[in-house]
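Here's the structure we're looking at; comments come further down.
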Amino acid sequence: MARTWGNIFFSLLDYKTEKFVIAKNKKVGVLFRLFQLGVIGYLIGWVFLWKKGYQETEEAIQSSVITKLKGVDLTNSSQFGLQLWGAEDYVIPPQGERIFFVVTNYIVTPNQRLGYCPEVRDRGCWTMHFIVVYSGVKTGRCINDTGTCEIHAWCPVEHGQAPSEPLLSKAENFTIFVKNFIKFPKFSFSKSNVLPTANKTYLKTCRYDKDHHPYCPIFLVRDVINWTGYSFQDLAKKGGSVGVGIEWNCDLDKDESQCNPEYSFTRLDSSINSQNSVTSGYNFRFARYYNDAAGQTYRNLFKVYGIRFDILVNGKAGRFSIIPTVINIGSGLALMGAGVFVCDMILLYMMSKSSFYRETKFEAVTKWATQERGETGNRDAAIDISVMSAQ
Amino acid sequence: MARTWGNIFFSLLDYKTEKFVIAKNKKVGVLFRLFQLGVIGYLIGWVFLWKKGYQETEEAIQSSVITKLKGVDLTNSSQFGLQLWGAEDYVIPPQGERIFFVVTNYIVTPNQRLGYCPEVRDRGCWTMHFIVVYSGVKTGRCINDTGTCEIHAWCPVEHGQAPSEPLLSKAENFTIFVKNFIKFPKFSFSKSNVLPTANKTYLKTCRYDKDHHPYCPIFLVRDVINWTGYSFQDLAKKGGSVGVGIEWNCDLDKDESQCNPEYSFTRLDSSINSQNSVTSGYNFRFARYYNDAAGQTYRNLFKVYGIRFDILVNGKAGRFSIIPTVINIGSGLALMGAGVFVCDMILLYMMSKSSFYRETKFEAVTKWATQERGETGNRDAAIDISVMSAQ
Amino acid sequence: MARTWGNIFFSLLDYKTEKFVIAKNKKVGVLFRLFQLGVIGYLIGWVFLWKKGYQETEEAIQSSVITKLKGVDLTNSSQFGLQLWGAEDYVIPPQGERIFFVVTNYIVTPNQRLGYCPEVRDRGCWTMHFIVVYSGVKTGRCINDTGTCEIHAWCPVEHGQAPSEPLLSKAENFTIFVKNFIKFPKFSFSKSNVLPTANKTYLKTCRYDKDHHPYCPIFLVRDVINWTGYSFQDLAKKGGSVGVGIEWNCDLDKDESQCNPEYSFTRLDSSINSQNSVTSGYNFRFARYYNDAAGQTYRNLFKVYGIRFDILVNGKAGRFSIIPTVINIGSGLALMGAGVFVCDMILLYMMSKSSFYRETKFEAVTKWATQERGETGNRDAAIDISVMSAQ
C-alpha cells in the first residue's frame, strides 16, 4: 500500500499510546505506588521546598567593605613614655579597609641609628650553622662582652618581649563600624547592610545585637572577640586573627527586605597551645623616620602586636528559573523509570507466577508462525503467538 | 522449559520494543505533537542557544589588579599654606592596589602636641549620658571658658568642617590606569585587559571610550564619576565610594580574542539625602610625626575626605562539556514523559470514547480466564481477556 | 459498570506493566545493548568516578592570608648613602597582607622642598601638544638654560633611571612565610595550610619543597621567581608582578587530612618584550616628610621598583549529595529513551522486515471493526484489528 505524503502527515497526527498489561498483583502494585510516592515526596519536599531546586543560584557575590573605628587609649611604656593612640595610630592601615589591624600591645625601640652593635639574640658566633640574623648584616666580628656577633644595623637593636599586660588595654572598648555593600551580578541585585532609613542619631549610639538591633553593624572589639569563644586577654598580648563573617542568603523570589546579612565570628589563627603555637599571634614592625638638627637620620622602630580583623563576605542568591526546574522534574520522572524497571524485575523473575507474567508481557514476533496457527489466514496479523501456542 | 545460559544470553540480545495502540484521535494527537514541538523548541532555543546549556561554567574568577594614577594639584589651606599633592600624596595606599583612595578635600591640624586642652565638641560636661570623647581621654575637669571637658589629647584638638569647596579641585583631571589580569582556573585560561600589542605611545595618550578605545583602560576621575550618574562636585566635598566593575563573560568555545572585559561604574555609598545620610561620604585620619630640636614629638593630623575606588572584577567562563549537555537533553526527554502522561489522561478519562480507549490500552491478565473462554485451550496464552469477555 | 470509589482505589493498586513485542532481530538487539552499555559506562566511568557527579560542589572559597618576610639588605646609593632595609622598610604594606610588594630597586630624591625649578623631561616648552607634566604645576615660564618649562613642584625634581643593577640584590634571599586559612561555608569545613602539629623549630628552618616539605609554606623569593620560569634578575631592575596560587581541591567524602593545598607560581605582568612592554614592571612613589629646625617642610621622595606578590587562593570542595546524584542518574536513564527511539526507528523503517515489525508494534483501534470481524461478538474486545483484517 503506497504511503503518500498525505498519509504520512496524517499518521503523524495519530496519537500512539503504549499498551499495558494489568497484572492484578497487589504486592508489586503497592510497592510501585510507594516508590512513586517516594519520588514525588523527594521532588516536592526535598528538592523544591527544602533545597529550592527550582531556582538558579549565584555564589560569586561582589562585595565592598568600609570600616571605621572609634576610641582612644593612653599608654605609658618604659622606652617611650606617654603616648595617646587614636584611630589614626592604632588602625593599620588607617583608610578603613576590609582587612585591618588594631594594635593592642607593642615594643618600641626609639632613636635607632645606623651603626654597629651586638646582636642581642643569645646565639653565639661560634654556632655557625643556621644562624640567620634578622636585624642586620653580620660584620664577622665577635663582641666578647656579649658573646654575640657584631652587626651593621639600626642600633640599638630591638630586644625584649612584649609586655605581659597589653599596653592598649582599653582597646576592647573601641567600636568597629562595618559598612558592607553587596551585589549579585547575575541578578543585578544590590543591597547594603545599613538600612536606608537609619538616621545619624541611631547609628551614633546603637550596638549590634542579634535579636534587638540586627541592622546596627557597630561592634565593640570585646564583643567580637567574645563571640569567637575567646576573650580579649587571650588575644591582646601576642595578637591574634579574627574573622567577621557577613553572610547574605537571599531568596530573590521574596521581597528585597527579607534579604539581610547574618554575622558570625571566628578565630582564624590556630588556638591549640596558643602560647606555643607558631600559627597563633600576630605582629609586624614599622618605623617612623626623623632627621636630627645635623641632618642625620634616626628612627623609632615599633613592633606591634594586635588583632587582625578580616571581614569575610559570602553569600548566595537564588531566583526561580525554568531550566533547573525542568532538570529536577525531568530527573524525578526518569527515576520513575528506574522504579518501573525494578518492579518489572520483581514481577517477571521473582514471583511465583513470573513465567505467566512474562508470557503476557512479551509478545514474540516470527515470520512463519501465522501459517501454522490456522487462524483466519492473515499473515499480517499483529497478534501471532509463537513458541507458546499449542493447537 | 529449561532456560540454559545460552538461551539467557541470546534472549538478552533480542530487541524488545514497546507495543503501542494507535488511537486515531486527532485532537489528542495534535496536542501531543504540539507538546513535543514545545519541548524541542525549549531545548534548542532556550537551553542551548540562549543559555548555552551545553557548557560547564566557572564563576570563581581569579583576578589581580594593579592601578596607577597620574596628575598633580596645588592646594592652599588656611591652617597649612601651600601644599603640592602628587600621586605619592593623594593616593592612599600609594602602591597601586585594587582598592585605593584619592584625596579631594581635607582638614589639617598642624603642630599637635600631647597635652591638656578643651574638647571642642559642643556637648557640655553636664550632659553625662552617652558622651564619647573621640579625641582624647577625659581628665574630669570642666573648662569654664568653653563649657567643655578637659581632655588629655593631641592639642590643639581638630575642629571645623571640611571646606565647602574641595581643596583638590583638580583631582577630577587625574587619570587612573587599571591593569587587570584574570584567570579561570577550571579551564586554565588567563588574559589581561591590555592588549599585548599595545605600545607605549598609545597608552600614554589614549583615554577609555566604549566604542572607539575599548582596550585603553585609562580613565579620567571625572569620567568615572560621571558614568556613575553623579558629578565630581557631589562626591568631592565629603567624599564618596565608587565601584568600577570589570566583567569578563567569556565563551571559551570561541576564539580567545572574543573574551574581553566590559566596564561599568556604580556609586557604592548611599545616595539618598547624600548630605545627611550616615552612609555616604568617606573620610579617615592619618598623622605625620616629627621631632623638634628638643626631641619632643609633635604631629600634623590630616582628616582626609575623598573618593574610594573599588575595582570589582567578576566573570563567567563557559566551555562545552558532555555532562551538562546530557543533563539538559535527558531532562527534556523526560519531560516528554510528562506530556505522554497528560495526553494519556485526556485520552483515557476525558474524551467521549475514553472507556473504549482504556479497554484497548490495558490488557488484564488472570489465571483462570482462559479455561472459561473456550479458546484453543492454551492456558499460557497471553491474550486472555478477563472481565470484559462474554461467551 | 459502576466505578465505585472502592474499585477506583483497588484499581490504583494494580500494577500496570508495558506490553513489549520481542523482535528477534539480533542486529538491532546488539546495537541497543551496546548503546545501553555505553550509557552505563558513561554514567559510572565518566560522571561518577571521574567527575564525581554524585557530589554537590562549592567553588566560593573563603580565604584569609597572613604573610611575613624575613631578611635584611644593605644598600649604597649615590643620592642617599648607606641604607639598611629590613622587612619594616622593604615590605609595603608592612602588616603582612595577601598582596605585598618587596622593594628590589629604587631612585631616591632627597631633600625636596616646595619651590620652582625646571622640569627635567626633555620635552621643550615649545611643543605645546600633549605636554603632561607629572611632577608639578607649570608656571608658564620657560627656563632657557635647560629648555624646559618651569614648574612649581617639590624641587629638585626626580630624574634619572633606575640603577641597572638592582640595589637590593640580596632580596632574592628573603623568605616569605604564607599562612592561609580557608573555609568552605556550604560545608562548614575549614582548614589551615600549616599543620597543627608543626613545631616552632621545624618552621624556623624548613623551606617549601613539593615532594619533601609540602607542609612548610616558607619560600625563598628566588625560588618563587624561578618557579614562574623567570629569574630574579629579570624582575628586579624594573619590578614585576608574581602570582602565588594556593589551590585547595577537597573531596570531603574522604578524610580531612587528604585536603591539602597545591602551590603554583605565575608571572602576572606581560613578559613579551619585557623591556619595552608597558604592562611589565612595577613601581610607585612614596615620600617621608620632615621638618627642619626652622619648621620648614622637606621630604625624601622614593620611587621604588620591586616585585609585587599576589597570593591567589582558589578551591573547590565536593561532598556527596542526593540531588546531583539523582540528576545524573535520571539524565542517564532518559538517555536510554533516546537509544530506544533510535533503535525503534532503525527497526521500523530501515530494515527489510520493517513493515512487519510496524504492524506488530502498532495496534490500531476503531469503533466499528469488531462487528465486521465476526468474532465472538464482543464489541468491547480490546484486540480488534482494523485495516489489516480480511474475512
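We just call them A, B and C in the order they show up, numbering each chain from 1.
Throughout what follows, a contact is a pair of C-beta atoms (placed from the backbone, for glycine too) under 8 Å apart; a residue touches a chain by one contact, two chains touch by 3 or more.
Keep in mind the model is a prediction, meaning the values are calculated, not measured.
Undergrad: Compare the two sides of the chain A and chain C interface and say whether they are made mostly of the same residue numbers, over half shared, or of different ones.
TA: Interface between chain A and chain C is built from largely different residues.
Undergrad: As a multiple of 5 degrees, what angle does the CA superposition of chain A onto its copy chain B give?
TA: Fitting chain A to chain B on C-alpha positions yields an angle of 120 degrees.
Undergrad: So how far apart, in whole Å, are chain A and chain C when each is placed at the average of its C-alpha atoms?
TA: Chain centroid spacing, chain A to chain C, equals 16 Å.
Undergrad: Show the residues in chain B shared as contacts by 2 or more other chains, in ascending order.
TA: 16, 18-24, 59-60, 93, 290, 293, 327, 330-331, 333-334, 337, 357, 360-363, 383
Undergrad: Residue numbers of chain C touching chain B in their complex, please.
TA: Spelled out, the residues of chain C in touch with chain B are 16, 18-26, 28-30, 32-33, 42, 46-47, 51, 53, 59-61, 92-93, 99, 101, 114, 130, 132-137, 152-154, 241, 243, 245, 247, 266, 268-270, 272, 276, 278-279, 282, 284-287, 289-291, 293, 301, 308, 310, 312, 314, 316, 327-328, 330-335, 337-338, 340, 343-344, 347, 357, 360-367, 376-378, 380-383.
Undergrad: Note which residues of chain A are touching chain B in the complex, please.
TA: It comes out as residues 12-24, 58-60, 62, 64, 66, 68, 70-74, 82-84, 86-89, 93-98, 179, 181, 183, 185, 190, 192, 194, 196, 198-200, 203, 205, 288, 290, 292-293, 322-323, 326-327, 329-331, 333-334, 336-337, 353, 356-357, 359-363, 383, 385, 388-391.
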